[in-house]
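Order as written gives the chain letters A, B, C, D, E and F; numbering starts at 1 within each chain.
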Amino acid sequence: MHMLLHHASWPEVEAYLERSKGVLIPIGSTEQHGPNGLIGTDAICPEVIARKAAEDTQMLIAPTFNVGIAQHHMGFAGSMTLRPSTMIAAIYDWVASLSRHGFDRIYFFNGHGGNIATIQAAFSEIYADRSLGREGDNRRAVKCRLVNWWDFKPVLDYCKQTYGSAHGSHATPSEVAVTYAAFPHAVKHAVMEPAIAPSGRFTDAEDYRAKFPDGRIGSDPSLARAEDGEKLIALSAKSLAEDFKNFTTS
Amino acid sequence: MHMLLHHASWPEVEAYLERSKGVLIPIGSTEQHGPNGLIGTDAICPEVIARKAAEDTQMLIAPTFNVGIAQHHMGFAGSMTLRPSTMIAAIYDWVASLSRHGFDRIYFFNGHGGNIATIQAAFSEIYADRSLGREGDNRRAVKCRLVNWWDFKPVLDYCKQTYGSAHGSHATPSEVAVTYAAFPHAVKHAVMEPAIAPSGRFTDAEDYRAKFPDGRIGSDPSLARAEDGEKLIALSAKSLAEDFKNFTTS
Amino acid sequence: MHMLLHHASWPEVEAYLERSKGVLIPIGSTEQHGPNGLIGTDAICPEVIARKAAEDTQMLIAPTFNVGIAQHHMGFAGSMTLRPSTMIAAIYDWVASLSRHGFDRIYFFNGHGGNIATIQAAFSEIYADRSLGREGDNRRAVKCRLVNWWDFKPVLDYCKQTYGSAHGSHATPSEVAVTYAAFPHAVKHAVMEPAIAPSGRFTDAEDYRAKFPDGRIGSDPSLARAEDGEKLIALSAKSLAEDFKNFTTS
Amino acid sequence: MHMLLHHASWPEVEAYLERSKGVLIPIGSTEQHGPNGLIGTDAICPEVIARKAAEDTQMLIAPTFNVGIAQHHMGFAGSMTLRPSTMIAAIYDWVASLSRHGFDRIYFFNGHGGNIATIQAAFSEIYADRSLGREGDNRRAVKCRLVNWWDFKPVLDYCKQTYGSAHGSHATPSEVAVTYAAFPHAVKHAVMEPAIAPSGRFTDAEDYRAKFPDGRIGSDPSLARAEDGEKLIALSAKSLAEDFKNFTTS
Amino acid sequence: MHMLLHHASWPEVEAYLERSKGVLIPIGSTEQHGPNGLIGTDAICPEVIARKAAEDTQMLIAPTFNVGIAQHHMGFAGSMTLRPSTMIAAIYDWVASLSRHGFDRIYFFNGHGGNIATIQAAFSEIYADRSLGREGDNRRAVKCRLVNWWDFKPVLDYCKQTYGSAHGSHATPSEVAVTYAAFPHAVKHAVMEPAIAPSGRFTDAEDYRAKFPDGRIGSDPSLARAEDGEKLIALSAKSLAEDFKNFTTS
Amino acid sequence: MHMLLHHASWPEVEAYLERSKGVLIPIGSTEQHGPNGLIGTDAICPEVIARKAAEDTQMLIAPTFNVGIAQHHMGFAGSMTLRPSTMIAAIYDWVASLSRHGFDRIYFFNGHGGNIATIQAAFSEIYADRSLGREGDNRRAVKCRLVNWWDFKPVLDYCKQTYGSAHGSHATPSEVAVTYAAFPHAVKHAVMEPAIAPSGRFTDAEDYRAKFPDGRIGSDPSLARAEDGEKLIALSAKSLAEDFKNFTTS
């Protein structure tokens, strides 16, 4: 049964805990996504896909961690970022809170490549508490897992087939399509110049903006269609449901 | 025109900044709200009211800061908390990000009494940067404002008239009513025993649970009705629209 | 019996702990108080009143926490401030120290409105340790309480009667009067222009100084008289003695 | 002229700054000082001596930094400590505040050996800001100085002559004598067993208490006499006045 | 010309800076490497390879960052770890120091997979300073790069050919071979049971030790030979020299 | 038997722990050492001497902590520094790691005067954990010791005899001689002007460079000879071996 932590009451969560110790946290970013992409794309995608996955699986979904590591996007209006040290502290507290109630399988379902390193660092920060502990310590063990919504093979295959070399790595047509499927009123139109954005490495916000003047990297998000977004949601959700089940029952 | 930061593109935010330097951040908590209240109540209320207010005002709404200071609720399953030091760091980064783009009026619209002290401390942390600076410093000035959704006189009056002494201070019928109006499918039913919960002070989670065994303080949330929630949303939104306008044009 | 922690020996404190687990910390600020007010006003007031209260009550008084949150006063020479994050860490350590010895009722007697939010945030930081803990944890419970010296009804009434609309909210005649009663040699004279200072909100130091050019807010501290200070001390001390007793025996 | 920052008004401090950029911070500790010593000894000594020195020198005295590094004394009731990381943050903020107003010679007059390392570390933390800066940086240079009240040769000589091998290193007759001179009503009597306490190294609180069961190290503080305290105050104050003058005019 | 920062004088570094703004930091870990591997393996490998690469390239080599993220190895004697938050602070300071002198290309040459996430998070922490800055800011831009010694194709190919499915992912024969080549006296012999260690995921130290009882993951390090280590050093060094040159001249 | 932690395997460390709970950490700095001194001098000296001492004593040597507190040297190319707060966190983690394995005597063998305060502060930070703990706490006790390589009387005597008033306090001929003995290929030649460098106090990097234009303080390091370095190594190592034994068996 579909269950949002924030729409549940505490007795409902207590009852859930008798059946499962697993919880999913959608985690994203609030950052520019090119001329026609939503600033909330990376938070919206994992949230929408998780809700879909939860429709016929036992899965408790926590609120979305919605501002992540986006320092490189700060040259574009509306982008927001945490410093990695802040994000580690916040993830530490979220996990400590859930662990307090007995959750011991925390699944981070991620929508932003730039978050990956810091989330993994946060896991090490959390594990280090017990790893540096000693006998008699009463800290509870917890297992964390990080999966990106596009990590599943069916999703990768679909993107490759549908967008080919126009997929790119930021403001991709696939992620924009997912948001269009979720929020049809937010569909935007823009002419992409050049059609496919440049690719490459970057460091800070100034460097990023100089190299990628409209925010895109390697992509043509004008290819984004809500109907493809629906398919992507379904594909990713199916894999997620299975992966979450394996994780929480392992 | 109604505008969510996360549903906008960066050029749209850039255009907005030419008209206004103000932005609103709904800020709440993820914590137990008694036997029939949603764990997300305190995040849902300001978010829903802000969207209503934005319908016919110029107001940009940022993503919701959804986990706050709820250490005292940790005795009830599903509650989540930040430590105040973490929350200060996170608010600092959110404001630094928005300030970077030129926003200089940051309006925190709050749904949780337990957040107030820490949000105000965060404001002082932010202001201290400039206040400890010296001539020639190039930090930008920013003004922050904290308002709770129930602070407006029409809202207070309505609650008093409608709920009288059954309003209480946590898991109140008014906040539960707002969430029922927003999410009718999440309406829950529970018998309240006693009808009106006990009142008093509390310290940590153990102390809280001992004094308030079902999570409520001084309230009877079984009085919550979606139709009253609609009225509360409308009343609070009207005042908010005005207050936000005053703030951002001052 | 009157007892200062810093004038006691450790065996005397050990003996006190057999009778009471309560301790009072005067907490203030070091910041400008207008043309004729002492920079130490907010630390002096609670310290002086607490000593008076302790004359015929069992009350152990810790050293005064004398620099607080005064970022907004940094435009006036001599003002000192902590960042809120620093103050939280310091209060955490003070309470951890006292708790280590068995004190479990820590009464913060405050002289500065600007401290309130950060002190409350510090309490949450302290409580969060236990609230996020788990069974078998051996952290001791501690209860903290925050009271401002002017919070008691007799004090509020006296101020209203004596100063009326000239009381204001910073560099008030009442707090200046208390310091004049305590330190007659430090009485200062200054012409106030205008007689009653302007009122309003403020953000950082630059903003504050622009709005309140001589440091006062809404007050006429030229009305401060040592003899009124004596009365204020007596009134606040009487209420404090009672409140402290209630707190430490609850 | 004798001048306490906390007894001055901001215009008085502004006037002082036209004559001098130097300020003195008494810094001590709140920790056990054996069977007949005051817990506040290490804060009282530098404060009392500085006030004496200021009688006929131009010297502005800030409030006393009264809780320091005393983790090793936590086995004795009433001792309080900061963690070094907290103390560094607090000293950083105190100096940043004073520097903001133009003070560029900050003299820390210390009463506690256990503080020395952390105060010096704090100086490096402060200096590192500018040292890691680059051209065009607008941080102000500030010079900090750390002197213990017993560092001056006349003081050392007096202690040696008066107490010889009974002086020891903690809860010494000299420091106790200074507090007795300052607070005659706080004189305490206790039989010392053995007459001279053991000496040696120590690590944490448990280790300390095991080695020094009544808190003293190598001393016989029953030798403390108020009249010797007067002399010590005078000797140290005379040297301090000179040293402070040299420092602030260099 | 081969140049170690720690074997240079400051005038030599000053001269180097006129030719190049690039510097390499070997970064590793101090953690168990199975029954016959050196605890310092991950620090030794990048250090040795970098020195080889520097023999005929212009490359300044900083001291080795030798303790990294190894919380998962803490179940095995001798392993050492930083918490990620500590490591981020330390890398921040290292880069700030080098940037102060004008180095603007900082190449982290890494020997430990477990460091990757935290190093990347540290880069974001560093870049965020400028990215959150504003016009007129005088922070210098710096570019950081992270490369693992085994990332180069010739190295990967050699490992595949030489060790096949016995290579594994921790305590690999290739890394052990490199240390044997560098320190022949430290060659150790141990029987591996089973020959190829198990593979899989892990969380904290307890979990790791339960799954990988002798510390290896998927490898048979008894295959390590000094002569293969020599070849690996040569292959990696050649690629490194080229990559470093490209990076520092880009 | 001579034993480097980083050249040992975990079973070897496990075996060592059955014989001894003591470990030595060489700790230094990476900072300018005048016209002919190595930037790594302060890390090299304790490392080289410890290895010598370990030749015929039971002593486990950890990797060298190689970047310390050198903010005052940042005016000279190649110097690197940690902020003291970072160094405290790092030392805390190093000790926590070693303590986890059962090491309870941690000997810091130091090569840099500027590190002393921060290392001692770090010890207090570590001890404070237990000192603020309470009954039932399961933290392990650990004893830390800080010794500088030049602290031993035979070393001091040798320096006095050999260099007299040309020894100075930074970039001394003795420390340079030790590095020349260790790394003959790194011997450098430079004319010292004046022969003996000026002496005095300093604050930040700008102040330091203004007072000590070539980096030396009070020394003539052109007197450094590799053969004297050999003797210094031998003298210091002999004392160290004895002192380490006393410490670890006490």
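Rule of thumb we're sticking to: a contact is a pair of C-beta atoms (placed from the backbone, for glycine too) under 8 Å apart; a residue touches a chain by one contact, two chains touch by 3 or more.
Quick caveat: nothing in here was measured; it's all calculated off a predicted structure.
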Task: Maximum centroid distance from chain C, chain identifier (CA atoms) - done: E
TODO: Tell me which of A-C and A-E has more C-beta pairs in contact.
DONE: A-E
TODO: Provide the C-alpha centroid distance between chain D and chain F, rounded to the nearest whole angstrom.
DONE: 29
Open item on the list: Taking the mean of the CA coordinates per chain, how far is chain B from chain E in Å?
Closed with: 46
Task: Contacts with 2+ other chains: residues of chain B - done: 74, 81, 83, 85, 89, 97, 100, 131-132
Open item on the list: With touch defined as at the top, which chains are paired up in contact here?
Closed with: A-B, A-C, A-E, A-F, B-C, B-D, B-E, C-D, C-F, D-E, D-F, E-F
Open item on the list: Applying the document's contact rule, which stretches of chain A touch chain B when the two form their complex?
Closed with: 4-14, 17, 30, 32-40, 43-44, 62-64, 66-67, 74, 76-83, 85-86, 89-90, 92-94, 97-98, 100-102, 183, 186, 188, 190, 215
TODO: Under the touch definition given earlier, write down the residues of chain F that touch chain A in their complex.
DONE: 93, 96-97, 100, 138-140
Open item on the list: Quick check: in the complex, which residue numbers of chain C touch chain A?
Closed with: 131-137
Open item on the list: Help me check something: in the complex, which residues belonging to chain B touch chain C?
Closed with: 69, 71-72, 74-75, 81, 83-85, 88-89, 114, 116-118, 120-125, 127-128, 130-132, 141-144, 203-207
